[in-house]
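Each remark here refers to the structure printed beneath this line.
By written order: A, B and C. Residues from 1 in each chain.
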Amino acid sequence: MDFSRRQLMQTALTLGAMQAFPGLSYAQARPLVFATFTGSWEEAHKAVLVPAFRKMTDNAQIVLDPMLSVDQIAKVTAARANPPIDVMLHDPGPALIAIADGLVEPYPVAKSAYYKDLISEAQVDTGPAPFFQVVGLTYNPEVIKTPPTSWADLWKPEYKGRVGITNLNSTLGTGFMVEIAKMHGGSEANIDPAFAAIDKLKPNLAAVAANPGALATLFQQGQIDISPGNFNAIQILKAKGVPVEFVAPKEGAIAFKTTMHIVKNSPNQELAFKLIEAALSPEVQATLMASPYLIVPTNGKVPMTGEIAKVLAKDTDELKKKFVFQDWKAINAQRSAWIERFNREIRI
Amino acid sequence: MPGGHRRASSAFLVPGPIAMATTATPKAPTAYDLKLALPLGAFLAVFFVAPLAVLFLLSLQSDPKGTSYGLSQYGNFLGDAFSLGVLGSTLLLGVKVTALSFLLGYPVAFAYTRVGARLKSLIILIVLLPLLTSVVVRTFAWIVILGRQGIINSALLSMGLISTPLKLLYTESGLVVALAQVQMPLMVLPLITAIGRIDPNLTDASAALGSGAWRTFFKVTLPLSLPGIIAGSLLTYAAAITAFITQSLVGGGQMLFMPMYLYQQASTLQNWPFAAAISIIFLVAVLAVVTLFNLLGRLSRGVASA
Amino acid sequence: MRRDWDSFSFHLAIGIVAVLALVLLVAPTAIVIIVSFTSGFSLRFPPPGYSLRWYGELWDAWQLHFAAMNSLKVAAAATGLSILLGTAAGLGIARSQRASAKMLDSLFMSPLVLPALAFGLSALMFFSALGMPVSPLTLIIGHTVVCVPYVVRNTVAALSQLDPTLLECSASLGADKVYTFRRITLPLIRPGILAGGFIAFMSSFDNVPVSLFLRDAATDMLPIRSSAIRWCACPMWCATRWRRCRSSTRRCSNAPQASGRTRSTPSAASPCR
């Protein structure tokens, strides 16, 4: 008797859930799902990319699903046949994993109107790079009066207990390690010098953050005064009144290609292509370059202006000269060993 | 731990078993049918056990591509001193957090049973507070408290007790305190129930027989509240060792515990078979610890009724 | 005299530790509340100045409202389902001495122990193998799995407090099982169920790993939104939490009186004693 009552209540609950979420009960053509990154990326894409896409596609439905690169891969891998995401956004390391695992469609280069205009580093046929991320040094100008000029400045004795880094879970932390290796005669293939150098950095280290976002909080609370940092993230903190400055080290700022990919088995292939086209278009890239987004353009037809021209590079030629691109194929091959080694060796 | 409550109640509220014995019907009206547990059993069988089986199958793959099967992932973990160290430090972290939660939480629960209604409301509100704040902002608050220019360091500096700031953030002690704060409700709520159920006549009797407050507490109150201690410890322990976000953000990037290890392997390295093996090993290890707790509980019941 | 000192030192020690613990419990939340009134743009303590601006911003932030609505709906559905399934299961196993009841009890507790990330991923693989796309339904199911242990545990605890004599009284006075359940058992264990439901609701509301994998893109969730906000270190998030705190503490501050009543009611109202 009370069993059937419970069933009754369950049915009622299910009906209630359907009421609360229209579309729950039947499968329907779903909107394009674009997995962007969280935070400023999502804001920029919502404000600039999505309207451009809608204009291009006569108001096609699109939703953003912000999450980390690695989580996008996990989510698509777990549901390969029925991927919950149509377009992925990736840092270079995860992009190569997604490609190697067969999660992405090749980009229809022949159909693309803008692909040929991209600078050569951004032309990737598994998914082009509409954006660059730039990593350099971040410091607190209220405490550090003479701006640092080189990665090597992190080892200066006056920064004892003031330096922050992140572990190798993040693209930023990994790219930083490679640069340090290079500075000491190593390379993507030989990371040993970097580990030796980080060992010497220990007296200066105030924190090994779990992710780049945590570095921002550490800056605001005066826990650290200098660290490697992402150009865009720093500009946003600066705009919020946090005392931070970005500087490109003389060894060259690290540039990461941020690529967009059409997900294999996506039911929305055509719309996915259109979204990436919109991201490559000069209009979108020019808007995203302006304040407050300050995203480095990859389309050669977009002239560099504003803060980016001032701090990073005047044009694409200078950009190629001043930026360091890393070999992520070589990095990925050993990343697991590096992470393991970092886990074991770096204890402060 | 349910056994703890139940047996304890029948030991102390003596009418229970006696009454049950007198009503000779095989189905005493006080017992509910075990069938009532079937809907949840079925629900969890489909939506928890089946995914767990998927996870187990995954852990049997020898490599991420799934070309061959075997127990090699388990061998990799169990044959590696570092991985075992991570497991050990995670289990130990749980013990530390549980012990601290208990030491701080017991007096709160004890005080709760001895104060008036107004203070009772206030205490319960404060105890529930950690459940009401998000892990994200709570982490920020801990940086404010433990940081180099944080509240504790500023206070100690201005009192002249220290000359250079102490390193508190990103240390294991800092993490233990933060986790104890977060998980304390899970410890205090069962304790309040257990202490509140102790018959005041027993403590009165103890006092009447000449025991002091300390002696009464250790000889009567504490042993009689053991079922609550065990229930609270189990919930606190399970929650503390699986608290991924607090562990990584308050503990920092170089302190590695099992959930972070699992995340590294699954997400950053996409090594799912190893990640799956990590979760299965973790699950088994924790269940072993829980069983140990339960055994202790059974022993303690012996002590309590003696 | 010695007796007085003994009692005094005991109560002093208990009092000091209890106050210390309460301060520890309050401190992080107090900081969050203070920071939510900042006039600045970033999370900084102490704030550079105070204002209500972030509460105003919050009012305007439609996407947060949207995410909060979804979080509320999912948490409500998962809590409802957890209470339904968990209370029944608690009744079933609480007074059974059978080995199968013990096994079921371990099963009901195990979702608490498996890291949520592992559960989220394997559940997504499982749903995908069944051909079920992620949807609010998969999300509610996932949340229910991780929330139901709290309800079971608290229901079992409340039932073990329940004096069986009461049920026997009811039965001997001619009431049938359903009537006894409705009029005796349910009112007496309600505080336990509500406490479990409350913890379940809050843990669903704050769950990131399961939501990350089991939601569809259209179901934006507040905790995920909050981790997004973390990157730009926005005080608005503090404001969100505090609003929620205020409304939910009002609810839970009723709990102590309720649980106080449980203990007193049986002895006062039990005719069989």
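One rule holds for everything that comes next: a contact is a pair of C-beta atoms (placed from the backbone, for glycine too) under 8 Å apart; a residue touches a chain by one contact, two chains touch by 3 or more.
Being a predicted model, the structure only gives us computed values, none of them experimental.
**Q** Treating subunit A as absent, figure out whether the rest stays one piece or breaks into groups, and list them.
**A** one piece
**Q** Comparing B-C against A-C, which pair counts more contacting C-beta pairs?
**A** Per the contact counts, B-C leads.
**Q** Of the other chains, whose C-alpha centre is the longest way from the centre of subunit C?
**A** A
**Q** Between subunit A and subunit C, what distance separates the C-alpha centroids? Give it in angstrom.
**A** Centres of subunit A and subunit C (C-alpha means) sit 35 Å apart.
**Q** Just the number, please: Cα centre separation of subunit B and subunit C in whole Å.
**A** 15
**Q** Which residue numbers or ranges of subunit B touch two or more of the other chains?
**A** Each of 39, 140, 144, 263, 266, 272 in subunit B touches at least two other chains.
**Q** By the touch rule stated above, which residues of subunit A touch at least two different other chains?
**A** Touching at least two other chains: 6, 71, 74, 217, 221.
**Q** Can you list every residue of subunit C that touches 2 or more other chains, as numbers and ranges?
**A** Expected reply: 43, 45, 88, 121, 125, 227, 229-230.
**Q** Inside the complex, what are the residues of subunit C that reach subunit A?
**A** 40-45, 73, 77, 80-81, 84, 88, 121, 124-125, 127-128, 131, 133-137, 140, 178, 181, 212-213, 216-219, 224, 227-233
**Q** Would you mind writing out the residues of subunit A in touch with subunit B in their complex?
**A** Result: residues 6, 68, 70-71, 73-74, 77, 97, 101, 161, 166-169, 173, 206-211, 214, 217-218, 221-223, 335-336, 339-340, 342-344, 346-348 of subunit A touch subunit B.
**Q** Could you list, by residue number, the parts of subunit B that touch subunit C in their complex?
**A** Residue list for subunit B touching subunit C: 1-3, 5-6, 8-9, 13, 15-16, 19-20, 23, 28-41, 43-44, 47-52, 54-55, 58, 103-105, 107-108, 110-111, 117, 120-121, 123-138, 140-142, 144-145, 177, 180-181, 184-186, 189-190, 192-193, 196-197, 212-214, 217, 231, 235, 238-239, 242, 244-245, 258-259, 262-263, 266, 272, 275-276, 279, 282-283, 286-287, 290.
**Q** Using the touch definition up top, name the residues of subunit C that touch subunit B in the complex.
**A** 2-3, 6-7, 9-11, 13-15, 17-18, 20-22, 24-29, 31-32, 35, 43, 45, 85-86, 88-89, 91-96, 98, 100-102, 104-119, 121-123, 125-126, 129, 141-142, 144-145, 148, 152-153, 156-157, 160-161, 163-165, 167-168, 170-171, 177, 180, 195, 198-199, 202-203, 206, 208-209, 223, 226-227, 229-230, 237-238, 241, 244-245, 248-249, 252-253, 255-257, 259-260, 263, 273
**Q** With touch defined as at the start, can you tell me which subunit B residues reach subunit A in the complex?
**A** Those residues of subunit B that touch subunit A are 39, 82, 140, 143-144, 147-150, 169-170, 248-249, 251-254, 256, 260-261, 263-264, 266-272.
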